[in-house]
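There are two complexes below, and they share chain A, which is joined by chain B in the first and by chain C in the second.
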Partner chain A sequence: MAAMKRDRNPLSDDRKAYFYLLPAFVLLVIFTVYPVINTIITSVKLDYRFLTGVYNGFSFGHYLDILRDKTFQRACLNTAFIAFICVPASLITALVTALLLNSIKALRNFLTTLYYLPQVTNIIAAGMVFALLFHTNSGFINLVLGWFGMDPVPWISGVGIAGSADLYTRSYIRCLFILFIYSLWQGLSLKVILFLSGLQNINPQYRQAAEIDGTSQWNIFRKITFPLLSPVTMYVLITSVITALKSYASVVALFGDSYGPIGDNSKMMITIVGYIIDSLGDYLSPGAISKASAAAFILLLIIVILTALQFYFSKKWVHYK
Partner chain B sequence: MRKTLMKTVNYFLLAAVAVMVLIPFFWMLGTALKSEAEALHIPPMLLPKIYHFDNFAKAVRAEPLIRYFLNTLIVSIFVVLISTAISVLSAYAFARLTFRGRDFLFAVVLIAVMLPQEIMIITNFMTIAKLKWLNTFRALILPYCVNAFNIFLLRQTMKQIPEDLYIAARIDGLGNFRYLWKVVLPVAKPTILTTMLLSMIWIWDTYAWPNLVTTQDNLRLISNGLKNAFTTSTGSIQYELQMAAATLVTIPLILIFIALRKYIFSGITRGGIKG
Partner chain C sequence: MEVRFESVTKKFPMKKGEITAVNRLDLTIDSGKLVGLLGPSGCGKSTCLFMIAGVCQPTSGKLWFDDRDVTTLSPEKRGVGMVFQNYALYPHLTVKQNIEFPLVNSKEIRKQLETKLAIHNKTGNGKTKLKEFVQQEVLRTARLVEIEDCLDRKPFELSGGQQQRVAIARTIVKQPSILLLDEPLSNLDARLRVQTREEIRRIQQMTGITTVFVTHDQEEALNICDEIAIMKKGILQQFGNPQAVYDYPANRFTAGFLGGTPINMLDGEISDGKFIAGGQVILPDVPIADQPVTAGFRPENLYVSENGTPRFNLEVVEMYRHGGITVVTTKFDADNAIRLVKERSDNMTIGDRLMVTVAPGMLYLFDSNGAKIWQQ
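And now, the complex of A and B:
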């Protein structure tokens, strides 16, 4: 009897479930599913004007256009710098910090909270503060350099860069350095928490057994902790890279709406999302929205590949958990 | 002996990291309390001579910061309430009910978790423009009202409630909705709070979308308002006021975070990364 009732209940639930799902799926379809499909279609519409809906057939031309566009290449370069230089650096710093935190007891909670502060700081406020930290005349960094007898460095400066490739490169390297320091500061928070929770999930008996056997700390890390932590490391790496690929607001806060120091007209520090948004902002000119869509689709492809990699690796490592 | 030394080095390194983390906060607050002349002083001063707490009042008077705060508050309240209600309902359906197409629909949710918002922005902008919703609160609220990650997180929590409890409740004649209200909600409360907090932080930080769909000052959210504030027409920035405003924007979230730390941490360690 009970079994029959169990069987019947789910059936009677059947239609009600759709009511529970309706609000979520109406919004999901309008604001998530349709936009992805529409972005792909829009990216191949030629001379598309969305206000009238007029376009001249289909073409892959926009993809070629943006791949040849110097600004898009710059955007890819900067985005790659954040994702593949800044992220690994902050990952290593966070791992070391988490290992140190895991080996202490006193102050651990206090320090974890403190390290998390950048994550709950408004992204625009944080970018502005960093722009000021590196300000030539009013910045903390030049103040400290001054204590060691060094002259102020014009960190964010575009003086003369339009006419000189050498000055441009120097200015660019300085801006990349600022972005690097900012990413290190901003990215530490989340990674430390994730690594710490990963470390705390490792059974302490492995370490104790190794210590009794007289294994060195370095070997304990290399042979026990690091392999056991590898699923967390892979997760942190890939999600951080994906987040980095979407960088936008921080760059605008650091370098302004023109993505570079005053005097630069090349959008020096633009990112892929910045490129998408700039093209979108130009929506009245035909083709601009399609260019934005093409760039968005390229970004989507990269992110999908990375997500697939994450699944592949998490399956490979599942036996460690 | 060696152990004590290692411990000292350990704490020293952690303190060094702490200092690095705190320097921007220190410079923000320090500059916020300087006079205009001190903020422009060359070389820069480490700390102001007199603490100008009136800079906060000046910043609030110089720019419609209160308006931006209120706007952000209105948008976050609506988003948090609507998206929580929507997420709870659908998470319950996925966790407890059996129906045709459940696996497929849940796969859609999982894919939506992974899709970056930045891809959606183009079409959503077109949709909002076509609906003539530019410069409205609807444009700021609706696209944020469905949060696939929250649905996923709540479904995982609800799945842990034993099925026997559900069967017993159904046999006792409790309807689905009352079961959700009386049994599931109290059990899932900590996770619901987590999703609410993550949504709130998300709105507080959101920049690109509001910047696209609003052009009027009276609709700006805090991030957008802050970005454009305190820059004179010649491009020079009143740093002491800008930093005072940045401090004001930063403090509420830090307070909420310190008070409700464990809910936020439980969200992120279960995969709640909002980029």
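And now, the complex of A and C:
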């Protein structure tokens, strides 16, 4: 019956659907499609003055400048560190935490709330607390290290790094470490909640059936729990990678708005979004907004390509019902 | 393998207090028997199976497989197969992967398979690899339950009956020594249900696996089980041969629970050794003390007779053809109706008065607590 109706009047059905989609579509055009197109156009205008609208023709110069810029390469490296090292680490930690939380009954709600706290904490405030924890002279971490007889570590310190590649590398690694710990902690909360609700959505009978069939706990996880959880994992992965590619506030909170320890003038910990914002600089000067637009468009491309890749590979490991 | 519950109690903690799902259960299921576990919803049937399977452990009491105390043994070491109430087929795996799951994942079963394969290769001079052997076993089992055409499909692409049979295949492929079936037929249509239950009976007899079959459909239980256990609120009410339980109920609950057309219950009292109901003497000579009692007698055990004892004087008020039988509803007095089941309605009409008696030995008297105190 339904099929016959459709055949008779296919267009009116479709039209209705389009009609209902219209409001969302209009919003999408105004706030997403138009800005993106505008960004692309702006990015290729030469010496563009944004108040008067004057420019000197078109060029891809900004893109070339950006790609050759050492600071941009540094930004890409740092962003990649967050997206491909910190995110997987926090994903795995969150999954393990959720599995543990799911297997206990007592205290589960209390602990879940505890794990959720970072989510309701302001990123900047939390980052500053982290920075304090890692402070060389009065930080808690060094205090604890002191109890074990260790010398204070100059966690966020740029002393002498401008002149020594070796000192620079060491300082950089320490900063990456702090960023890693911070990202892990900050990203954990939402992921744990998502994984936990995903786990609780899995009918316990699958696990019971597998147990009766003599399956080891590891195989139950590998062959039953993980595949059944994979849509959630996929969602968490994609959203976390996108969020990571857009990180900015965390590095500013940890390392200040010069993106590095005092004494560093290379913007050691800058991210791509940080680079975009810095490019804007004095946005009234000619070309600044175009360079920022070009950088923003590069970031958009990276996000789109990575997300598409993830979707493509997800077919191999995500089991949708 | 024999399964024995020894005073087993299972309690579940609740938000407030706890709930006793199974209460001091003593039950011995003989090796090779097909035993039906019956009772209303929530009476603890599934909990009993879960304890046999090992996915939940008794709060107190002991569970024995033959002479082995398995009370706290982990599920994978029990060699039990279970078909869940809603199948629990792994949704992301194909039918084939579902069926081979126990074969490729259990170390114990792998070992057994390897031994079997060695014998097979020795006697047959063959050189079958373990992988092929597993596939052969899967195919053999799939044929047994007639789902060999669906092997590459996912569970959601199957009908309820097919899923059912996949679940059974997954369970019997590993040749468990105990088979647990939790309402395995509840999702099937009437015809498939009868067919599948005969199938289960056939497979059970062929393999001789000790089988516990949970159902709340009594007809199912009466038809295929060697023995039935009836539970109510976690307490075992009666255990025995289905026909014996049917004819000799231990109490009012089991009497009322069994029977396609509900048993007739007539409240009355014993006075001076007579059973009196509705102001009439129904039984003249009952050797029990004066007390309020309820008489129970099954509709199919009633027949028309002018001078039997007990004797009921009834008026036909309704007749209802029901498949191959006719259910005749009659009025005993203002408050009590009595039903008869007859092969055919003969020449009764509404308004007729009948004299009716109960087949010998088929009238039960229950005291006010529901215990049976007399049967004649």
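Convention: the second predicted complex is superposed on the first by the 272 of 321 C-alpha atoms of A that agree within 3 Å, B and C clash if a C-alpha of one lies under 4 Å from a C-alpha of the other, contacts with A are read in each partner's own complex, and residues count from 1 in each chain.
One rule holds in what follows: a residue touches a chain if its C-beta (ideal position, glycine included) is under 8 Å from a C-beta of that chain, and two chains touch if they have at least 3 such contacts.
As the structure is a computational prediction, the values presented were derived from the model and not from experiment.
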Figure out whether A:L190 sits in contact with chain B (first) or chain C (second), or with both, or with neither.
-> first
Between chain B (first) and chain C (second), which does A:T97 come into contact with in this model arrangement: first, second, both, or neither?
-> first
Look at A:W218 in the shared chain and tell me whether it touches chain B only, chain C only, both, or neither; answer first, second, both or neither.
-> neither
Kindly classify A:F148 by the partners it touches after superposition: chain B alone (first), chain C alone (second), both, or neither?
-> neither
Touched partner set for A:P23, first chain B, second chain C, both or neither | first
Of chain B and chain C, the chain that contacts the larger number of chain A residues = B
Pick one for A:P35: touches chain B only (first), chain C only (second), both, or neither.
-> first
Considering each complex separately, which residues of chain A are in contact with chain B in the first and with chain C in the second?
-> none
Sort out for me which residues of chain C touch chain A in the complex.
-> 50, 53-55, 74-78, 80-82, 84, 86, 88, 90-92, 101-102, 105-109, 156, 170, 174
Complex contacts: residues of chain A adjacent to chain B | 5-6, 9-11, 13-18, 20-21, 23-25, 27-28, 30-36, 38-39, 42, 50-51, 93, 96-97, 100-101, 103-104, 107, 111, 113-118, 120-126, 128-130, 132-133, 135, 137-140, 142-143, 146, 152, 185, 188, 190, 193-194, 197, 239, 242-243, 245-246, 248-249, 252-253, 262, 273, 276-277, 280-281, 283, 289, 292-293, 296-297, 299-300, 303-304, 307
Which of the residues in chain A end up touching chain C in this complex?
-> 203, 205-206, 208-216, 219, 223-224, 227-228, 319, 321
Can you name the residues of chain B that touch chain A in the complex?
-> 7, 10-11, 13-14, 17-18, 20-25, 27-28, 31, 39-44, 46, 85-87, 89-90, 92-94, 97-100, 102, 105, 108-109, 112, 114-127, 129-130, 142-143, 145-146, 148, 151, 167, 170-171, 176, 201, 204-205, 207-208, 212, 222-224, 226-227, 235, 239, 242-243, 246-247, 249-250, 253-254, 256-258, 261, 264-265, 268-269, 273, 275
